[in-house]
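In the two complexes that follow, subunit A is the common piece, with subunit B as its partner first and subunit C second.
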Partner chain A sequence: MKKIIKSFDHWKAWLYLLPAIVLLLIFTGWPIINTIRIAFLEGYDPMKEVGGETFRIGFQNFEKVVTYKRFLECLKTTMILCFTTVPLSTMLALLIAVCLNSIGPLKRFLQTIFFMPYVTNSIAIGMVFAAMFNIVGNASGITTIQNAGIVNNVLQFLTGNKDFYINWINAGSTYTHNIIVMIIYIVWHALPFKILILLGGLQSVNKQYYEAAKVDGTSRFRTFWRITVPLLSPMIAYVVITGFIGGFKEYSSIVGIFGDTMGPAGNAKALNTMVGYIYDALAGQAGRASAAALILFGIILVVTLINLWVSKKKVHY
Partner chain B sequence: MKVVLKNLTKIFPSRNKKDHSEVVAVNNFDFEIPDGKLIGLLGPSGCGKSTTLYMISGLQKPTSGQIFFGDDDVTELSAEKRGIGLVFQNYALYPHMTVKQNIMFPLQNLRGNDKLSKEEILSRTEEAARLVQLDGLLERKPSELSGGQQQRVAIARALVKMPRVLLLDEPLSNLDARLRLQTREEIRRIQRETKITTVFVTHDQEEAMSISDEIVVMKLGVVQQIGAPQDVYDDPTNLFVAKFLGTPPINVFKGRIQGGKVMIGEAAVFDAPGIEDKDVFIGIRPEGFTLEENGPLELNVSGVDVMGRDISVISTHPESLNANVRSIISADQKNEIGSDTVRFSIKPHKIFVFDGETEERIYLQGDQG
Partner chain C sequence: MAEKSRKLISEKNMRTETQKAKVGSVIAKIVTYLFLVIMAIIVIFPFYWMIISSLKTLDEYRLPVPTFWPKFFDWDNYAEAFQAAKLLTYFKNTVIVGLVSTILSLVVTVLSAFAFARLEFKGKNLLFGALLGTMMIPGELFTITNYATVNAFGWMKTYTVLIVPFLVSVFYIYLLRQNFLQIPNELYLAAKVDGTRDFKYLWKVMIPLSMPTLISITILKMMGAWNSYIWPRLVANDEAHALITYGLRNSFSDTSGMTDYPVQMAAVAVVSLPLFLVFVFLRKYIMKGVSRSGIKG
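For the complex of A and B:
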């Protein structure tokens, strides 16, 4: 406390910080506090609050949320997407980064190519993916497979069966197929940032470690696991932690492929996520939306703490 | 294991797109390193000594020429198959592994017939650690060690797989002066104990002279002279070698040979019978001066450094290429030095005459070789 009071003496510094602090308080601080407040108000309604009504304080919103089947489905989808895409994309990104780092010609060109998805709008990419996985039939449904998207075309070519197709995302498609498409899409979209970070890490690794390993006759596989991975571990921890945080907030990628129905035609909300649920609930049930937001925050906090705990043991700074 | 270098040449292509001139890092290096000896590659930076070392290691491929380990031609062999131990200038210890893990790393790489049991790996690791006096530090991380200790870990890691040849790249350059002295004795001791043929690179002539069996002096990719340290010091083949070896450095004067005399200015300091008149450089080692009342060389005294046993007379001379002429004489003679000028005669085996154009040695009568 003494320290804080003393630091108030540095009024000039506080003055310079003032604009940022005010903006943060208004647009970040207050909403967080308000969310917590609303989450504990039972039957909260903003219009009624303006009318002067008061609400009972309690855990009803949380109870409603965690026992609501739709919410649990959202939680499940989010978890599946999170725990598959983060490890997958991290491993793939590591592989690609190592490959990119070891090639000579075309390196810069390929780096640019791999970075493209990062600067492309996720809704636009989603639409392209939707087209790729589509089975475009005529208006009455799936009758002409000739019009199938490129993925089914490739499958037809590989199987040699002209009538073969998988209903990935269209009406009547299964949850499993939907999830597979989502995983492929999210992984692909998550790669560029991770590659960028890992490639940066790789380029800062002292080349002499590799020369020393080479002189000692270390196999490529062992060099990768015993030298590259540990030396990159700070960057790997960073992309995993940010990956999980982003993964739990998954929303726009699903909109990109399925539209805001969050599911294939005829099965709306089948792939809804936590954030999707919060948006939906916000309209009429602000209390539940706030409670769900707090639960999401709690999950992210726990997972991040676990990540940090693991990385403390495994990461070599 | 003797190491033979035959016409070894390394040319680096130009990286500059406009300027296509190549860099000849090592030019036609011919040398046979005898078995079990410690060889110092010596030269200023950019002379090709490290490139030579890396070619022996296999990390760099020669542009032309051959390398033999014993009778095996290893020129085309990649680094891991040559059986060498390499100590890098910054040690390149894996920062995430303990000392023990670092040292045992090369052993764990062995596969197939060479594969070692866990006990063997452990006992050899401990043996290597004992050799470099690291026992007790095995569980530390490299960042928890001093520079000298890190250096010893690097040597242990290079030695543990019993290499045919041990290569050290500027092994002492990251150590402070006291540690450098200590570590170079250590390297000498380890080399004697293991009897592994060792090549090390340094730009510090004192370091090279003090521990090498033989030194190789290089300049701009070309070998200048090879020999035992004392021989090279006593009998340099050209002005570069003479200037590069010795602390304090050799005093160089501009002069000429005239009528069978070596002249510095108007002073005939030495006889050079039978040599035609020409401009020369004259090198005199600091310890090559003898105080003599009527000595031929007169210098203007500017100061005296007292160093205990010896004193160092600092003086100037119009024909000197160095700013100061430094001559080391016995401290007993301190009182014989005049305040303005001092006269010296020159010890015959401490004076070297070099051609004024080629800078090659001109051998006078009575010179060795």
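For the complex of A and C:
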């Protein structure tokens, strides 16, 4: 009986899998092979390939990409954003999660508020941030300022200087200011997921450790570093790794704030990232785009392996 | 005597110690709440600013000293937003693409997950492992070739191009397979003995038992259509097929600061509203998917 089922299962299983496999072969399997192939073909052009032309195999695409100034700028922006936002958002999320876990009243209410940015559209809310940082009525650097924008208004209030303002994202703004805005937005957007994971971890921590620490009169600070952080280390490792993977693929949050010019007015592509570079090159220079995509994959793989290696040493249990 | 007084002093010390600890814990409580409330205000502020800005007149929005509550609710901004951004067309496109791709995706996912969870065939584990392996590869790597592929198929600027390439998600197959595996195999064998057809068993037993996962997949898939920007921008950037997020961003491409922000914020609020409703009513289904997967928003 069982044998009959099994042999019958055999072809039936493939029948069930047929739609998935056909689609996966076309849109997942073939791209993996083809992208690697194109990356190593020098001067690849799909139209010429249809015409029967063959291309030399070599590393030219990779050389072109890594020596191309624009790509290096993209790499720089991506790295800066990645290595600032991941630690910042992780620490902030840890702090919020620990505080949330320690309070009684209002806990659920605050928890809901902190999760709110999770289910949002990064382009749409990016436009809200852009409005908040914008100088209203500032047309291409000519000072016709009517309202310096809410963020500048707050700064004016805090400094007590009514004429103080910073050109965050308008025409003529500096790279540093643009990056600061991006960091704030990306951290804001990354918080809920991290809080969710860390709070989940905290709730499963055995309360006895804390009671023991209390009896011993251990200080709060010490309890945090010696008990909370080690016990949470698997979750911390998890949010850091996923944070880095997402960080290296940063793209749409920048589109949200600056539009698809990826930079302030008059300085397009100033904040382009690696993924942005790939999309720019994709239609006209498929070879370079493929090489860049493989480089991106390599970086993500290396960073993930390093993270895993570090967390293996540091993660307790 | 000396012994006794020392004991008294130490007792007194202890009392002040505990008092100190009490004061300390009260201060800690206050600091904790203060920190949380300030952070909560920062987190929620953009939403608040979006809504009140969308209700201000342009003149009020441009006042040198901002108002924190509109003097007068200018609902016209919303009417203007629908005109300026053709939101209704984009909304229609997004609903069509979202619904069709969700339904087809559910069918494909259920069939594959069933095969992986219940049927025995050669190379099953190898195939499943290979599928999971593809999850590690960044999507950009696929996009380059897929762009050329859909171009060769002549799919540019159609609904098809927005639906078909992303129908199969390895992650959803994995999620559903895990759920199917929890259903005891005895049920399946019993159904077999009774001569129940696979389809009937799938429909009557497996699907009802894994409804929460299927709902999670549906919500995530619909949200995917709602939030997708990159692919629509590449392959369906015409008005007749543009999805809502691309349409929104593209309609307000001027970032010089001269923009009519209240109208723009009204459009953003309209696009954000369905997501907010999902958050309020269906949060637990998303959280379920999230805590297992680690997909970032």
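The rule is short, and it goes like this: the second predicted complex is superposed on the first by the 282 of 317 C-alpha atoms of A that agree within 3 Å, B and C clash if a C-alpha of one lies under 4 Å from a C-alpha of the other, contacts with A are read in each partner's own complex, and residues count from 1 in each chain.
Quick note on the criterion: a contact is a pair of C-beta atoms (placed from the backbone, for glycine too) under 8 Å apart; a residue touches a chain by one contact, two chains touch by 3 or more.
These numbers were taken from a predicted model, which means no experiment stands behind them.
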Check: Does the subunit A-based superposition show subunit B and subunit C clashing or fitting?
Finding: fit
Check: Now for A:A212: first (subunit B), second (subunit C), both, or neither, which partner does it touch?
Finding: first
Notebook entry, point to check: From the CA centre of subunit A, what is the angle out to the CA centres of subunit B and subunit C, nearest 10°?
Noted result: 70
Next item on the list: Once the structures are superposed on A, label A:Y175 by its partner contacts, choosing first (subunit B), second (subunit C), both or neither.
Entry: neither
Notebook entry, point to check: First (subunit B), second (subunit C), both or neither: which does A:F55 touch?
Noted result: neither
Margin query: Taking the superposition on A as described, I'd like to know which of subunit B and subunit C A:F164 touches: first, second, both or neither.
Written below: neither
Item checked: Dominant toucher of subunit A (residue count), subunit B or subunit C -> C
Margin query: According to the stated criteria, A:I227 is in contact with first (subunit B), second (subunit C), both, or neither; which is it?
Written below: first
Margin query: For the superposed arrangement, tell me the lowest C-alpha distance between subunit B and subunit C in Å.
Written below: 5
Margin query: Does any part of subunit A touch subunit B in one structure and subunit C in the other, and if so which residues?
Written below: none
Check: How about subunit A: which of its residues touch subunit B in the complex?
Finding: 206, 208-209, 211-212, 214-219, 222, 226-227, 230-231, 233, 316
Next item on the list: Spell out the part of subunit A that touches subunit C in their complex, as residue ranges.
Entry: 5-6, 9-10, 12-14, 16-17, 19-20, 23-24, 26-28, 30-32, 34-35, 38, 46, 92, 95-96, 99-100, 102-103, 106, 110, 113-125, 127-132, 134-140, 146-147, 150, 153, 169-171, 188-193, 196-197, 200, 220, 238, 242-243, 246, 249, 251-252, 255-256, 258-261, 264-265, 275, 278-279, 282-283, 286, 289-290, 293-294, 296-297, 300-301
Check: Considering the complex alone, what residue numbers of subunit C touch subunit A?
Finding: 28-29, 32-33, 35-37, 39-40, 42-44, 46-47, 49-50, 53, 61-66, 107-109, 111-112, 114-115, 119-122, 124, 127, 131, 134, 136-138, 140-149, 164-168, 170, 173, 192, 198, 223, 226-227, 229-230, 233-234, 245, 248-250, 252-253, 255-258, 261, 264-265, 268, 271-272, 275-276, 278-279, 283, 286-287, 290-291, 294, 296-297
Check: Along subunit B, where are the residues that touch subunit A in the complex?
Finding: 57-59, 78-81, 84-86, 88, 90, 92, 94-97, 105-106, 108-111, 157, 161
